[in-house]
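Look for chain A in each of the two complexes below; its partner is chain B in the first and chain C in the second.
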Partner chain A sequence: MNAITKDRSDTLAPFGSRLDGVTDPVRKAAIGALHRSGLPDRRVEEWRYTSLRFLTETPLAAPVEVYDAGQVQAQLETLGLTTGPLADVPRVVFVNGRYAAPFSVLPSEVDVSFFAKTQTFGTLSCPDRDPLTALNTVLAGDGAQLHVPAGKDGGHVLLVSLGQTDAPVSFHPRHAVVLDEGAKFTLISIQAGQGRYLHNPVLEISVAAQANLKHVTLQAEGEAAACLATTYAQVAEHGTYDSFVLGLGGALSRQEIHARLAAPFATVHVNGAQMLAGKQIGDVTSVISHAAPDCTSRQTVRNVLDGHARGVFQGKVFVDRVAQKTDGYQMNQALLLSENAEIDAKPELEIYADDVKCSHGATVGALDDDQLFYLRSRGVPNAEARQILIHAFMDEALGLIEDEMARTLCIRMLARSFPVAGESA
Partner chain B sequence: MPAVTETREAVEKLGQSSYKWGFETDIDMDVAPKGLNEDTIRLISARKEEPEWLLEWRLAAFRVWLKMDDPKWAKVSHPPIDFQDLHYYAAPKKKPGPKSLEEVDPELLRTYEKLGIPLHEQAMLAGVELPEGETARPPVAVDAVFDSVSVVTTFRKNLEEAGVIFCPISEAVKDHPDLVRQYLGSVVPAGDNFYAALNSAVFTDGSFVYVPKGVRCPMELSTYFRINARNTGQFERTLIVVEDSASVSYLEGCTAPMRDENQLHAAVVELVAMEDASIKYSTVQNWYPGDENGRGGIYNFVTKRGACRGARSKISWTQVETGSAITWKYPSCILQGEGSVGEFYSVAVTNNHQQADTGTKMIHIGRNTRSTIIAKTISAGRSDSTYRGLVRVLPKASGARNFTQCDSLLIGDQCGAHTVPYIENRNMGARIEHEATTSKISEDQLFYCRQRGLSEEDSVGLIVNGFCRDVLKELPMEFAVEAQKLLQISLEGSVG
Partner chain C sequence: MTQFLDISGLCARIDADGQEKEILKGVDLSIPPGEVHAIMGPNGSGKSTLSYALAGREDYEVTAGSITFQGKNLLEMEPEERAAAGLFLAFQSPIELPGVNNANFLRTAVNAVRRARGQDELDAVTFLKTARAAAKELAMAPDMLKRNVNVGFSGGEKKRNEVLQMTLLQPSFAILDETDSGLDVDALRIVAEGVNRLRSPGFSALVITHHQRLLDYLVPDRIHVMANGRIIHSGGPELAQQIDREGYTRFLAEAEAA
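Our next item is the complex of A and B:
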């Protein structure tokens, strides 16, 4: 009769005994929450558009610690991280969730430590509210903890996660980024891999007063992989968190961002784009909480969907009673290239303050016939005309990436996964 | 922000003034004992002299309901409802067949008089001559529901001449059993949701409208619902069927007497539009919202849905929601017929401790179907108001088109306004646009009005009226006036 109070721990079967024998109090609390909630199904409002059934079908073992160095090198080359301007950027590389020292070059202006050693969980995440964060909390093995001291410019750092497996595995890295007062930093997260795996990272971000973090995530996971990533960001007075997520890979991916504007005049950008085809499911979910007055948030998310792909956008803007003079804007747009593609969008405003300016918009449609006609009448072949229009649609989103190096990387990766010309025509 | 402060004060003042229409009529009631079980349902069915199939239908719905949980997803909160602590049947004491106004309990007529229901409009139909040069506005037919049983229905004969059936659904069950049986539950199935299942099990009365092929209903049909006796939930059931190329405009208006205990109201409205048919369904809802501390007030949990079955059919919902402690209501359109059209125009006003979670669902099934959603939300006091709407385009709905606009206005800093649209598109040939804004009355607008000599209050009134204009202009003439009055009562005192 009551699906909500039922013990749903049977959905945790794929993880078997990996969840047993936990002693750490934080992990113990998380496993309690996890047993109560189980992995969410589509009856849970936050998951109504994204099913995790894909995950519960096969056991997911812990990954073996040895990896094939040659393969890692090849993966980095494919991503274009070994040549050109990106080759010189400091990097922290993880393979199957474990720190891979031989491929990493640690930055000089940023303090780096590792979760495997410190075993410290942050305080921003909510394991009792978010089941996938609880799962990460129980199973977290390693992760990067980056700290930029006050007033310092941390420059660019690549945070690379590679999956590399034959048998189905799961790994749950726990990352943290802390910017002290007035610090600056650009973080480029890259998620990629081969084989069948679940990548379930949690990233906690703390941006102190006057600090500025640019964060670009490139999700190019393997085609059989699932990536369920959750980011928690908190921004202090006059601080800025500018994030962009580009979703290209994975059979199933969800980039969930919780951004909290904790003090006046903070700014948050939660932008993104997805380009999906085949049977991919890509989910961009965000909760932007205005908890202080005079803050600004901006969000633009664009989806291009081909084949049988399904795009999901859930964006909530929450404005607390104290958050007067909030300025919030949210836009979600989708372009469907195939008869079988689907978009599900749920932009949401929850507002408790009266002196605010909040708006959101959403549009869904196919390529514009008039625009196509315009190009064709000037002698551009159909397939090429379509490409031009799709490019134009995506370029507007990618233009929101302020950091040039990150933008170049995203544009290159996007071009590579561009739909085959006329696939759906 | 002096304007806002003034408005807030005025709104508070309003809350303390007594609910204008909070009176209670004292007439004998025939009340079923409290509680809900199969015997209650058998009793209702027996009292209403229903056929066996309808009793079975009710019982089946009841059995489904027993297995359901009340919905938790809406953004409203209230103490759990004890469904065994309610009366499920209350009928004014039966007199042998009140066939004309003269036979109706005069106490009842006085109640309606206070409400301003134009029961006496029959004079016009009877052929009272108008001065030359003056055109009569279209007459209005009223099916008055007093608590659960329709007491009198005017204009019946004139409608019958046009071939239109407009009668209490309990009568339709007797007189037109085939029609009722064919369409009842065909749009909102008995097990559709918790409150629809409850309604299917225990509905007592409501209206039935049938417009045959090619007939344009000669007048606007109107039902005034009124909840009266203490502790009676009211469960109306409305069914409107409009055949090919026919059309009807239906008005639903509600007021309720003041009382302390919360009352449950779970109505179901089903609309069926065939080829080229059109239905316009307008509601002004002003049930008792509770006092300024949030005590009392109606729980309004309503399922309204229309099916555009035929090609080019059209269903248009217009609602002005100012009353009820809690509103949970999503008038929807299932756009099945090719080129069919769904519309939803809504103004929802909440004040004091009111909660409203309302919106619509537009399900595009057929090709070239179109829908428009315009929702205006005004929150004041300590109230919470949510727009929740679904636009779903299914794979075969090529050329489907939706436009949605939701605007919220907050008055005071203790209220909330929320927008939760769901957009699900599975057809590349569909175009969907959604936009929403939330704001307060801008200083510039106020300043502009004040500068031209309007008082603070008049200015706010003007601006609020302008804010709602897109919706109010969709209301039929008869309702537009009443709707404006209600807006004034709900928000005004502040809002000239």
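Our next item is the complex of A and C:
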């Protein structure tokens, strides 16, 4: 009767025989789930606003393992990771989902291991529920596993994933970050590339008591690429997970995050911003679960959409019956620069505790005529006036990035992908 | 004709909630160089519409008449071109720009205007020095340059910020649209002094006000009474006291009879 309950393995055709011959029990369970769900279509509530149809049209091969070192170097330079303060930051670089040792500089204060060797899946992800995670679980080949021991400051680490391909491929890195009690760490994830590919990473994050993780993700994927990333974060007592996602690239991107406040006085920030143009689709989906009392969550996501771009925001805040004194705040704001741009915002509060403070809101608007006229009446040309107002809108979001190095990187990358003012094709 | 600012037969309308409304119905007004003129008149007479039409706001549609400013057809110019040409409007309700730093805003504006006038741009240090000195003369708190444009400013602070912008942009013609509203006596004096400092043979102003009080500090060369979208009476500075005593009734009746 309902297509969702049927076997939908036909939607997995692009992956062909890559899904066959799985023996690992975790992967076997995942492939069972994947055959039932298939790649979700828009009849699935969680995917109502973001269609994966264009993925199902082309076969996606496994990437070849050789890469062009010159191109990788050029990509790193373009991202600004080889000069200035970022040049000295330890980095774990992946090319087409495989660890690229020649471009990596491993950190001294953080234990690094690789999924390709350990083949260990974490316990936080939900392949049964999340089809893209099931896909990752079946096809994961490599990934970074970063561990900051108790009381240690892991400093900054760049987790760089580059796509580099001529033929359409997909890669499915499996990353994990573990902070032991009282540890501190700043992780800057960079997703970028050239060519037509699907980047489908899963990242599991565990923040122990009193530990503090700052995590900034810069999504600057190639213009023909799709990035479907899922992050699972769990935060213990008095722990903090402070995250920010800046979405700039890709034809299609979805940053899905499941954050669980598992013990009292945990704090989670799931902030973000995206600036899209052309026919780009950018989806920020989050589920913030308050599973313990006295926790705090904050979420501000800002979107600037030009051309025919479409932004999607699905933000759910779930407050368990036991999570009294929850303090939650959620806001989604969109600035539409063109009549053809669109934002679909679905904020959701699901609250089972009776003593909580939760607010949420969403705004959509164009540039303010009064503000534009004010600037122009002071001699500022129209194009420059528009830029100033767009910058002001985004700067307020980027100001939420506490780490200065990450913030500077985001501001620079944002400025580079700025729409040509006055043009809204 | 004064060869400086000449407004002739100006008609303008606005689009209010889908309904077009005629506001200016034939304004004739000339301001010679170096003079300060005041416009007084009842609410809704078209004073602010005139100021927006002069500054070039797009939703104020000029349907007839002309404005010539220093020999140029003002109506053909974009708002930013009018500013570069030397026109400045001090807003009745200054606009807040969240996320835009006041000092950056002022410097961007000053340098845009300097560029358009063929002058060298000011570097950050020179600009800040000039801006701080000008702000001090207006008795503005030093942190007002660091804050976002007009965000969280009191009514008086916003008006001073307008006069600060005017001082830095060095216009040859300024329109002050009810710059005195919401100011206490001290602030009024400071703002008036700020305008008076600019007075010179190369600077003219049009002061829109409801109150004689401002005109005590900022003595105009001419006062015009505006009603129903027209200038219905003009006179010398003594007109302010007369209006203060008698209101507009007599001028309105005379205009009716004419």
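Quick note on the criterion: the second predicted complex is superposed on the first by the 424 of 425 C-alpha atoms of A that agree within 3 Å, B and C clash if a C-alpha of one lies under 4 Å from a C-alpha of the other, contacts with A are read in each partner's own complex, and residues count from 1 in each chain.
Criterion: a residue touches a chain if its C-beta (ideal position, glycine included) is under 8 Å from a C-beta of that chain, and two chains touch if they have at least 3 such contacts.
Note that the structure is a prediction, hence the values are computed from the model and not measured.
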{"item": "Which partner reaches more residues of chain A (counting touched residues only), chain B or chain C", "value": "B"}
{"item": "Contacts of A:E396 with chain B and chain C, given as first, second, both or neither", "value": "second"}
{"item": "Partner chain in contact with A:K357 - chain B first, chain C second, else both or neither", "value": "first"}
{"item": "Chain B versus chain C as contact partner of A:G379, first or second or both or neither", "value": "second"}
{"item": "Partner chain(s) touched by A:D20 [first = chain B, second = chain C, both, neither]", "value": "neither"}
{"item": "Touched partner set for A:D369, first chain B, second chain C, both or neither", "value": "second"}
{"item": "Touched partner set for A:R321, first chain B, second chain C, both or neither", "value": "first"}
{"item": "Touching partner for A:I388 - first (chain B), second (chain C), both, neither", "value": "second"}
{"item": "Sites on chain B touched by chain A in the complex", "value": "1, 4, 67, 69, 72-73, 395, 408, 410-440"}
{"item": "Partner chain B, residues of chain A touching it in the complex", "value": "1-2, 4, 45, 49, 321, 324, 334, 336-366, 424"}
{"item": "Sites on chain A touched by chain C in the complex", "value": "369-371, 373-382, 384-385, 388-389, 391-393, 395-396"}
{"item": "Parts of chain C lying in touch with chain A, wherever the complex brings them together", "value": "55-59, 78-80, 82-84, 88-89, 91, 94-95, 97-100, 105, 108-110, 112-113, 116, 165, 169"}
